[in-house]
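Going by the order they are written in, the chains are A, B, C and D; count residues from 1 in each one.
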Amino acid sequence: MIDKFVRTMADAMTGVADGSTILLGGFGDVGIPTPLLDGLIEQGARNLTIVAVAGGRDGSAIERLLSLGRVRRLICSFVRPASLAGRLFQRGELDVEIVPQGTMAERMRAAGAGITGFYTPTGADTLLAEGRETREIGGKLCLLEYPLPGDVALIEAWQADRWGNLTYRDSARNFNPVMAMAAKLTIVMTRNVAALGELAPETIVTPGIFVNRVLHVPL
Amino acid sequence: MAFTPLDRNGIAARCAQDIPEGWLVNLGIGIPTLVADFVPPDREVIFHAENGVIGVGPAPATDAVNPFLINASTTHVTLRTGGSYVHHADSFAIARGGHLDLCVLGAFEVAENGDIANWARSADEPVKQVGGAMDLAIGAQRLWVVMEHTTKDSEPRLRRRCTYPLTAKGVVKRVYTNLAVLDVTPDGFVVRDMIPGMTLEALQARTEAKLA
Amino acid sequence: MIDKFVRTMADAMTGVADGSTILLGGFGDVGIPTPLLDGLIEQGARNLTIVAVAGGRDGSAIERLLSLGRVRRLICSFVRPASLAGRLFQRGELDVEIVPQGTMAERMRAAGAGITGFYTPTGADTLLAEGRETREIGGKLCLLEYPLPGDVALIEAWQADRWGNLTYRDSARNFNPVMAMAAKLTIVMTRNVAALGELAPETIVTPGIFVNRVLHVPL
Amino acid sequence: MAFTPLDRNGIAARCAQDIPEGWLVNLGIGIPTLVADFVPPDREVIFHAENGVIGVGPAPATDAVNPFLINASTTHVTLRTGGSYVHHADSFAIARGGHLDLCVLGAFEVAENGDIANWARSADEPVKQVGGAMDLAIGAQRLWVVMEHTTKDSEPRLRRRCTYPLTAKGVVKRVYTNLAVLDVTPDGFVVRDMIPGMTLEALQARTEAKLA
């Protein structure tokens, strides 16, 4: 019987290696799997690359991870200069790669979909394209972008069943489905547990085939 | 003749006038977000937010906040009847794939060739705040900018060429400022509308680019 | 008030121009908008390019369109040699472009998503890559593919509301959502009409922003 | 010693033995489709169909056919409890993105270097039938082939090099024929299993590639 539920946070985090690239779902305060990040802090993996929409606000789980010196590199669409990430970067203690938000989402989708590279006009005419490969397609300057896969994705879901099928609540969907398909090991915290078959097949957003482990973390 | 520049709400309201029913519209953070407040609820304009919300509605009553529903400015919103959700890659597919009828962004500078600069004040700025602006700027059918006509130090923001790092080239179609509405045309900025009391001469004095 | 419903087939087909590229949803006999194809036959547009998973079986709507000499070019993943499409191709009366099925779906998604080109290992080592641009990425030979946009998409849906929000029934989803986003003019036939707000926001598969016209064609 | 080659069901059943619980598996048309019939229902194997079905179940009772539910061979199926639907681009994202634990395809020929040919019998064939085979062949974690060991004219199908146009290079990991099970290794075909009465010599006589 397929059963992707794990019983403890320690089980959820087993095997996350030093040096891993962690895809971290969420946007604003919504859909961020903060309990899983706390679990990752407890688990102890170091030298991490974090992929997230932003560099984390004061008091956020990303900031706690940064403050513990566990993050080597941050890939995100913006960092507030006054944030801890901004200060660490300016002190040379953190690598930061700034990626346009749509390109970031698309690079993760590419990783999940077996697309080995793609062209986009986004950013092609900007500083972000300096020294990188561009070509004109259909009269538009386009930038070549490569997939952004993760070793681990940390995902927040609203409902999950034992196959790992997921739904999301409202705008908590955001990066979570894309990251779930882009990582080798997708670890989900779900707010609710559904029996197999309880989620209508047409309404499942992330099929369980993209999910490795599910931990029930009630609201 | 005396004139009173529009305040932030005034700029947003002026922009909102020009958005017809049925358009799909993305509003950037800052003044652009205010635009939605000035579209009458019975005019069905569909607001898109980068975090996957299609059909963003007004702010909720304080006792009816849905903690799972925010817009791209991360403030709590409602979902309009008929709205739906997509994930982030699909949301930017909407933006980059040409499905937005309109995107309204703030900017530091706009140039007469339609270039926009809104993400960094210098190439040397250590930490850049790109967000989704580059994706939105290249993808929308129309990009309108709402901003103050000049900086706090009275430096012009409507430029012959942008002095700040670009967000995208040649994409701005119209600019709404606290003083005027200007179209970006092959011949540069064309004034469409000015606030009461404003003259073309006075506007030109506050603008680096040549106005027509 | 946004209302994408049209009352008649003639209204649904207004303005489909000669020479159009038509994206035609469906797989097997499921999710094919046959009534819309009949409407297209009635409407009269000629010199069409049809994009569909296959060349059409005996008695199919594609075959009727072919038999009327209305199709110049067929882009699909396979054609049965014994079918009308196969015979027309062998007589030189029909252009056929064979595209791997996943590449076909991805090229349409690229068109809808503003991706101006992408690399895939699919087909890179085969006859289909002859004379085309390839490059090695991560040790794999990859083929450069371009978007496949449509002038018109013909879509079958299960439920639709006046904004054009759509759901699909079971495996009738197939190509329909991808084609809906890849065409300039997306024409939908829906089996059922829903009031605005009746479809739960989390369960809408194609947001109405991808849809231009909806015709109610009951089962 | 006499031997009785497996029939199509026999090949499928032999292949089914080796599929463990929990795998996500795509079955090509023809003999591969039969494999599902030989996986016991209590062994949870998730079958994927290119048309966006995840969790394909067995054929329905004749009085309970759902006309909206077919597999990639366009035959009516059921959906297993826990199954779901995705659209075609997402379905091939599953195939091409490495999410299939296994794909089982038929073939005209397989070579000792793992090349597979299953879509055209000659480069000059006027109309090609590619379908989804090229996408599946390059994307799955493992590609297994099920086929007759030789053609109807007793020509070998296990080749030193394929003579037909390739579907993909170097991707086949195992071959199930009506005579044997063979792994594709860096040293070529290695026989893992033969039907009762078959000898390595007799098998080699029916195989162009060198067997180990």
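Points worth noting:
Everything that follows uses one rule, which is that a contact is a pair of C-beta atoms (placed from the backbone, for glycine too) under 8 Å apart; a residue touches a chain by one contact, two chains touch by 3 or more.
All figures in this text were calculated on a predicted structure; none of them were measured in a lab.
Looking at chain A and chain D, the chains that touch each of them are C. In this structure, the chain pairs B-C and A-B differ in their number of contacting C-beta pairs, and the larger number is found at A-B. For the pair chain B and chain C, the distance between mean C-alpha positions equals 34 Å.
Inter-chain centre distance (chain A to chain B, centres taken as mean C-alpha positions): 28 Å. In whole angstrom, the spacing between the mean C-alpha positions of chain A and chain C is 32. Distance between chain B and chain D, defined via averaged C-alpha coordinates, is recorded as 54 Å. In chain D, 79, 85-86, 89, 92-93, 95-96, 138-139 are the positions where the chain touches two or more neighbouring chains simultaneously. Counting partner chains per residue, chain C shows two or more touched chains at residues 106, 109, 113-115, 120-121, 168-170, 173, 201-202, 205. Every pair of chains in contact is given here: A-B, A-C, A-D, B-C, C-D.
Within the complex, the chain B residues that touch chain A are 49-53, 66-70, 74, 79, 85-89, 91-93, 95-96, 120, 123, 126-136, 138-139, 165-169.
Interface of chain A with chain C (complex): residues 106, 110, 113-121, 137-138, 140, 142, 146, 167-170, 173, 200-203, 205. Within the complex formed with chain C, the residues of chain B that make contact are 21-22, 24, 44, 46, 48, 54-55, 79, 81-86, 89, 92-99, 138-139.
Contact residues on chain C toward chain B in their complex (touch as defined above): 1-2, 109, 111-115, 161-163, 165, 181, 196-197, 199, 201-202, 204, 207-210. On chain C, the positions that touch chain D within their shared complex are 27-31, 77-81, 85-86, 89-90, 96, 98-103, 105-106, 108-109, 120-128, 168-178, 205.
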